[in-house]
Amino acid sequence: MTLGLEHFLILSSVLFAIGLYGALSRRSAVVILMSIEVMLGAVSIAMVAFSRYVVPALLTGQVFTIFIIVVAAAEATVGLAIIIAIYRRRETIDVTKIDLMKW
Amino acid sequence: MNLELFIPELVLAGTAIAVILLDLFVRHKGVLTAISLIGIAVAAGFAISLWNGSPQAIFNDMLAVDNFGIFFKLLFLFIAAMVILVSIDYVNKLARFQGEYHALLLFATLGMMLMAAATDLISVFVSLELTAISFYLLVGFLKDNRSTESSLKYILLGGVASAVLLYGMALTFGFTGETQLAGITRSIQETTASSSLLASPGLVFGLVLLIAGFGFKIAAVPFHMWAPDVYEGAPTPVTLYLSVGSKVAGFAVILRVFFSAFGLPEALSIDWGMAFAVLSAVSITLGNILAIQQSNIKRMLAYSGIAHSGYIMISLATTGLSGSAEVIGQSSTLFYVVAFALADLAAFAAIIAISNKANSDLIKDYSGMGKRAPVLALVLTLGLISLTGLPPAAGFIAKFYIFSGAAANGLLWLVIIAVLNSAISAFYYLRVAKLMWLGKPSGESGVPSSPALRLVLAITCIGILLFGIAPSLLIKLAEMAAAMFAF
Amino acid sequence: MEAIIPNSLVWMIFLLPLISFVLIALFIKPFLNNSPRISGYITISAVAGSLILSLWLLTSLLNTPSHELIIPDFNWLIIEGSINIHLGLTIDMLTVIMCIVVTTVSLMVQIYSQGYMHGDPGYHRYYVYMSLFTTAMLGLVMVDNLLLMYVFWELVGLCSYLLIGFWFHRPAAARAAKKAFIVTRLGDFGFLAAILVLFFSKGTLDVSQLHGYAVAGAIGSATLTWAAIGIFLGAAGKSAQFPLHVWLPDAMEGPTPVSALIHAATMVAAGVFLVARMFPLFEHSPEALSIVAYIGGFTAIFAATMGLVMNDIKRVLAYSTISQLGYMMLGLGVGGVAIGIFHLFNHAFFKALLFLGAGSVNHGTKTFDMRFMGGLRKVMPWTYATFLIASLSIAGIWPLAGFWSKDEILASALSENTLLFVLSMITVFMTAFYMFRVVFMTFGGEYRGSEKPHESPPVMVVPMVVLAVLAVVSGWFNATGGFSHLLGHGESHSFTEGFFGILSHPLPWISLAMAGSGILLAYAMYSAKWISPHRIAWFFRSLYVLFSKKYWMDELYEDAIGQRLLSDRLFAGMKLLDSKVIDGAVNGVADTVVDIGNSVRRAQSGQLQLYGLFIILGVLAIVISLLIWG
Amino acid sequence: MDFNCLSIIIFLPVAGAIVIAMVPGLSARLIRYIAAVFTFIPLVLSLVLFCAFDRSAGMAGAVQFQEMAAWIEPINADYHIGVDGLSMPLVLLTALLGFLVVLISWKVELRVREYFAWLLLLETSILGVFCSLDLLLFFIFWEIEVIPMYFLISIWGAGRKEYSAIKYVIYTLFGSALMLAGILCIYFSTGSLDMIELSQSGLAMAQMVIPAAPMFFLLLAGFAVKLPVFPLHTWLPDAHTDAPTAVSVVLAGTLIKMGGYGMIRICLSIFPDSAQQYAPLLLALATINIVYGAAVTLRQTDLKRLIAYSSISHMGFVLLGIFALGELSLVGASLQMFSHGIITGLLFAVTGLVMHNTGERNIGKLGGLGKQMPAIAAIFTIGGIAAMGVPATSGFIAEISVFLGAFVSKAVDGLHIYTIISMLGILLAAAYMLLLIQRVFLGPVLKKYSGVKDADKLEFCYCAVFIIAIILVGVYPMVLTDVINSGIAPVAAFWGG
């Protein structure tokens, strides 16, 4: 069996779904942030796979992926900083308890 | 490559860095404000000089320099300047990190300018994230419970939305082999005849994910739920910037991406046109209905902003449905965002001054403001009138313009929903006005406002009335900016 | 006065009272409110001027072969191609007779009022209304256009309203005024509808043109009948014909001179005049004409029955008026214009006189209730004499005025319809009875009141004497058919053998016998006391109750229909519908929107993961709908 | 005319409003005088225009005193104003009431500056509606009126004033929202916003993307709310009940006339076929308006509410006249608009006096005031008589023209029945007006009102102006009908005169 585009895409979508599930179900803000990273990783896989199979002559997907990685890192940094700020004030990072503003 | 075309962005980036550095040395923080404003003015000057040149591409077709982009860039620069001016009154709450505050504002502005110019999915993504990350920080700038909570909600949901958007981009790329917007169109056109690309749900699915990702930025229902919470908790100038800057930038991107990449009727434009029409109807209705019961004015404006996104989406729907023959969809978007920005600026400027004094954003604390601060109350009223869409404010012409495009393109049902909702919206906008002019004042003292704030009030008021009574000029500019779409 | 009257002076007949009205309303009342009598002098001179001019007009007309004058008109409401209303006058014998009746009675009443209204705080206001009334009444009889007739028709109704309610602080007066206006307006509904029908049919409202069309048979018979019935409905309202008669007895709340002028002599007769004016239409519609006759005949006896039992002197007179108006309608219906109008002419004088007499009695005794009168013949001899003459006249005793016109009506009825003849014969008896019941109760016997009675001042007595003379002689105009001849319309059924020649027929003797027995019965019951009125009342107690309760028609109209059915049920229901259903729906929609908002708001729970879920659900929703409809 | 008379008439009041609002330190007294001056000049000018109006037959349908300037070129919207026979009387009426309400408001003491500023802005907006010949301009003026009304009712009103004010606003906005949709449809079917051009060529130049009927109804909705037409009328009693006197006068006098004006000017002129097709429906509603409105009026216990409901009934005559589609009926409808303006204006003004002087508005608690306030009673009676449509008042001429015109019009089937039923309205009108007069002014004098003030000189004067106008039109209707007919003739020509 050779690996085809669909295998990568299945992997990517499964990963994306896992990340999404994590982001929507876990209570810890940090875990949610990690789940988002998983989703971005899933996208990267799809991107690279597409690049490899659809336009093998070009590196568009790879370049895109690099940008994604960079941005994800920046986002994670900022996210963690915010989580720290929250923790300092409330001593919790349980997102279900962070619901001061609603309705 | 011609770097001259990129000077406005460079100036702005330079200013941002300069502000951070200067923050380390200067004691009088007013200098930072001045520098930021000067940087914005210079950038705007360069941007104006580029107006109406022939459209050009830079950075390997990553960015375009055309009237459309410049129109938005100037708008963002104007909004940024206004936001910086109103921030002066808010400054006691931001005392510690003024340099960062201004720098982040400038970076957000830069991001938005890039969004307006981006012509490649990669540059779209990067500029979007530049804006977003700046805003994540700005939202949490107060570091109190509400501000940080807003920030957390914003970044986590923003992350999810980014991932969704990216997945959409990936699918688009995968099915067309292009990240270039123009390339995507070309690819779709080429493959329409030969393969069943469009028949496969993959590209459509990608398109939907793009709509969702961008819908998050513009707070379209059902991707809107972050907005009220974030608006409420964020520092008010940031809320203002978020509601007029970030949202408008979102529309700039949507127009560019959807029209350039999927603008042809055979390239799904009917599909996304209808999708936006439905989203618009839902957004307008829900935004208005939910705004009625709000007790916090910022939250109310958040919901009202959702409704206004809905109105603007009418023009997106028009764009999608009218195809390439006319540009009224685009030009009406441009007019509307300007009118909306002016009205929101006016309202928020007044709110900043009042909430500074009253130390509250609750609507009930606006009671009797007409007596205590007649000028502020008047401006706020004018802003609300413009948001309601009553003449002689610019908001009326903006709505008229948008609706006229929609009515001409078979969206009469949507127009009727929209106009009826305008009537509903009067209910909650006027409620604030009523309270200010009819309510009993809770205190005797007036509300102080700085010259900077008064300048903002004056500019926005003049703008609202000018574009409400003599809108020709702005309509012409919008048409020039939108002309690049006609092909 | 051999010369033909100039056109401008014809206009002055109508304009003089108008000038008087404007003068008093705009200058005297605001600025000279404290000068007594001046308003009266102005009004009297204006009306006197109109009377003189009317007489001149009469002679002019007699000297004109056609007995008609054409007066050039003014444009009033002209919309090219749509409507064309000119303000013009039609001057024929009918007009002139009416003018003379109106101005004569009005003049007498105005003079009388100088005494009667002396010292009343509303003195000037009284003359404002009176002048306006005279203006409007003259306008009504003179104009040549149906729409303009309607204008003045309504204006006399308005004056009637204002004058009935003259003493508006009395609740009864206020109520009566309102009732009068509304009931007559019910009739005007028909008049207006007739105007619409005629205008629709012929595009013109010019009276002489309409006559022409009617005579030429150019109006469809159904249209003609409906129009005639509509007009008669208006006439019935104004002339208090059954079933719209209920307002007139209550209208006696107004000052008595007003009752004399408006509610006896002129305005209430306007209905008769209207039918006479539009007679060519009725002539060509037998159905309408017989309706007029039957309603008139029935009203005559119907009102008379109620007149039998009233104790208020003015109310007796009011029912008598209704009854006599019924006679006039009957006369129009069975005999034609001349007969009806001749009775109108005579009735105006003797009935005005009766009312002025009643006013004089009231002036002396301060009451209208006959149970507190009696014996006044001694203290008020002039009043007694004139009242007696008028009573004899109305009872139809030869050779007084009432005899002549009433017998003509009876004769016409006999030749047309036996039933109506019998009814009107019975009415003759009743009329004589109730009138002499009044005479005996008021002037006969001993005084039963507490106030010390006295004769009225000359300013009141002189007009009564003048009217008494007229009440005797006015009937003689037609003793040889001269009056009928002048009016020209229709065949005269009357006996035109002259003053004594009429007695050669059997009919006058029958009617005289009926009248005589009525008088005799009244004498037996109220003067000689041979028969106790109480025993009679007890004997016919069911009828007595029926009459004295006025057939419960007031209760039927005001309580059952007006209040219970319409106001409390229908209108209240509509109000409820308005506030609960229609407005309630509006508020309900608003509340629903807010409620929806409140429940949807709960989704915004502050849980960011829920928000994220909505993003995903949104995506799925779009995908699914694209798959379905895309 | 070189001199832009109409523009001056329209914008002088708002200029006055700006002066009053912006110039600091004005005393209340001075503000009143400024307001009086800035409304008196437009009144004089509109009288001049009314007299200068060319009534000759050759000018039938011609729009006079036009002014035109390019405004929003990209969407073909112009600043285009002018008057024809239809709008001229309404402009005069608005200017007249504009001045009189300043006098009526002379005793307002609360927040005088804002009050007069809003009042003057309101006048400009109404004048603008009647003069606009461009649909967008028309709509803008139409909408501007909402804001002053909102504040005037909710600040200076009484009772549930805020509820009533917002109800008014929401109703109006819903109506105008639909109207806006209609205007957009017209614009995109024809590419024009010019009302003259549209009425001359009708929808001939349309590329019919949208059928005419929906456009007709969208536009009609806006006008129907304003007129108001059953069942969209419930805002009116509330607004009137709680509005200050002067605002009631304007509302009844001119604002609701915008509805009737719009129907003739837009619905009838641009959609003659739809108007004819749907006339039976509207005639039925007109009949309901008249009879039902009058019936509900009879049961009212609040003085102002009663008169408000009577307005609903009276405006039914306007609707009847309009959709009978006959020349005379349309003239009658226009006359009725004018006449109702002055009659109900007077009634509200004098009702305000009664309420102000006695401090009571419940009819059941009033009584016998004829003795204590004879002048007010006389004025009210004259107004009431006019409202009943008694001849020699403008009310009679208007109603009789509507009836005659509707009855003879052959444009719609069944008009006879509608007209006859509608005539019940004047019967009921007599009932409620007389009942009102009886309960308030007649009957025994009540002790509790001893010493109440009667009308003073100023009050008497402005009432006199109303009365003179009522009688003048009633006695010599040609003073108006000539002008009106020159505007109506071309409209009526659609259905064969």
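Just a few scattered comments:
First chain written, first letter: the chains are A, B, C and D, and each begins at residue 1.
Here, a contact is a pair of C-beta atoms (placed from the backbone, for glycine too) under 8 Å apart; a residue touches a chain by one contact, two chains touch by 3 or more.
No experiment lies behind these values; they were computed from the predicted model shown.
Taking the definition of touch as given, a chain qualifies here only if it contacts subunit A and subunit D alike; those chains are B, C. Chain pairs A-B and A-C differ in how many C-beta pairs they share in contact, with the greater number at A-B.
Separating the CA-averaged centres of subunit A and subunit B is a span of 26 Å. A separation of 97 Å divides the Cα centre of subunit A from that of subunit C. Centres computed as Cα averages put subunit B at a distance of 78 Å from subunit C. Measuring from the averaged C-alpha position of subunit B to that of subunit D gives a distance of 43 Å.
Looking at subunit D, one finds that residues 170 touch two or more other chains. Multi-chain contact residues of subunit B, defined as those touching 2 or more other chains: 152-153, 156, 160, 228-229, 424. Residue positions of subunit A with contacts to 2 or more other chains are 20, 23, 32, 95, 98, 100-102.
Here the touching chains pair up as A-B, A-C, B-C, B-D, C-D. The part of subunit A that touches subunit B in the complex is made up of residues 9, 12, 16, 19-20, 23, 29, 32-33, 36, 39-40, 42-43, 46-47, 49-51, 54-55, 60-61, 63-64, 67-68, 71, 74-75, 78-79, 82-83, 85-86, 89-90, 95, 98, 100-102. Across the complex, subunit B is touched by residues 593-594, 596-598, 600-601, 603-604, 606, 608, 610-612, 614-619, 621-623, 625-627, 629-630 of subunit C.
Against subunit D, the residues of subunit B that register as touching in their complex are 385, 390-392, 396-397, 400-401, 403-404, 407-408, 410, 412, 415-416, 419-420, 422-424, 426-427, 430-431, 433-434, 437-438, 470-472, 475-476, 479. Within the complex, the subunit B residues that touch subunit A are 121-122, 125-126, 129, 133, 136-137, 140, 143-146, 148-153, 155-156, 158-160, 162-163, 166-167, 169-171, 173-175, 177-179, 228-229, 232-233, 299. Touching subunit C in their complex are the following residues of subunit D: 57, 167, 170, 231, 233-234, 292, 295-296, 298-300, 326-328, 331, 368, 370-371, 385, 390-392, 396-397, 400-401, 403-405, 407-408, 416, 419-420, 423-424, 426-427, 430-431, 434-435, 437-438, 441-445, 476-478, 481, 485, 497.
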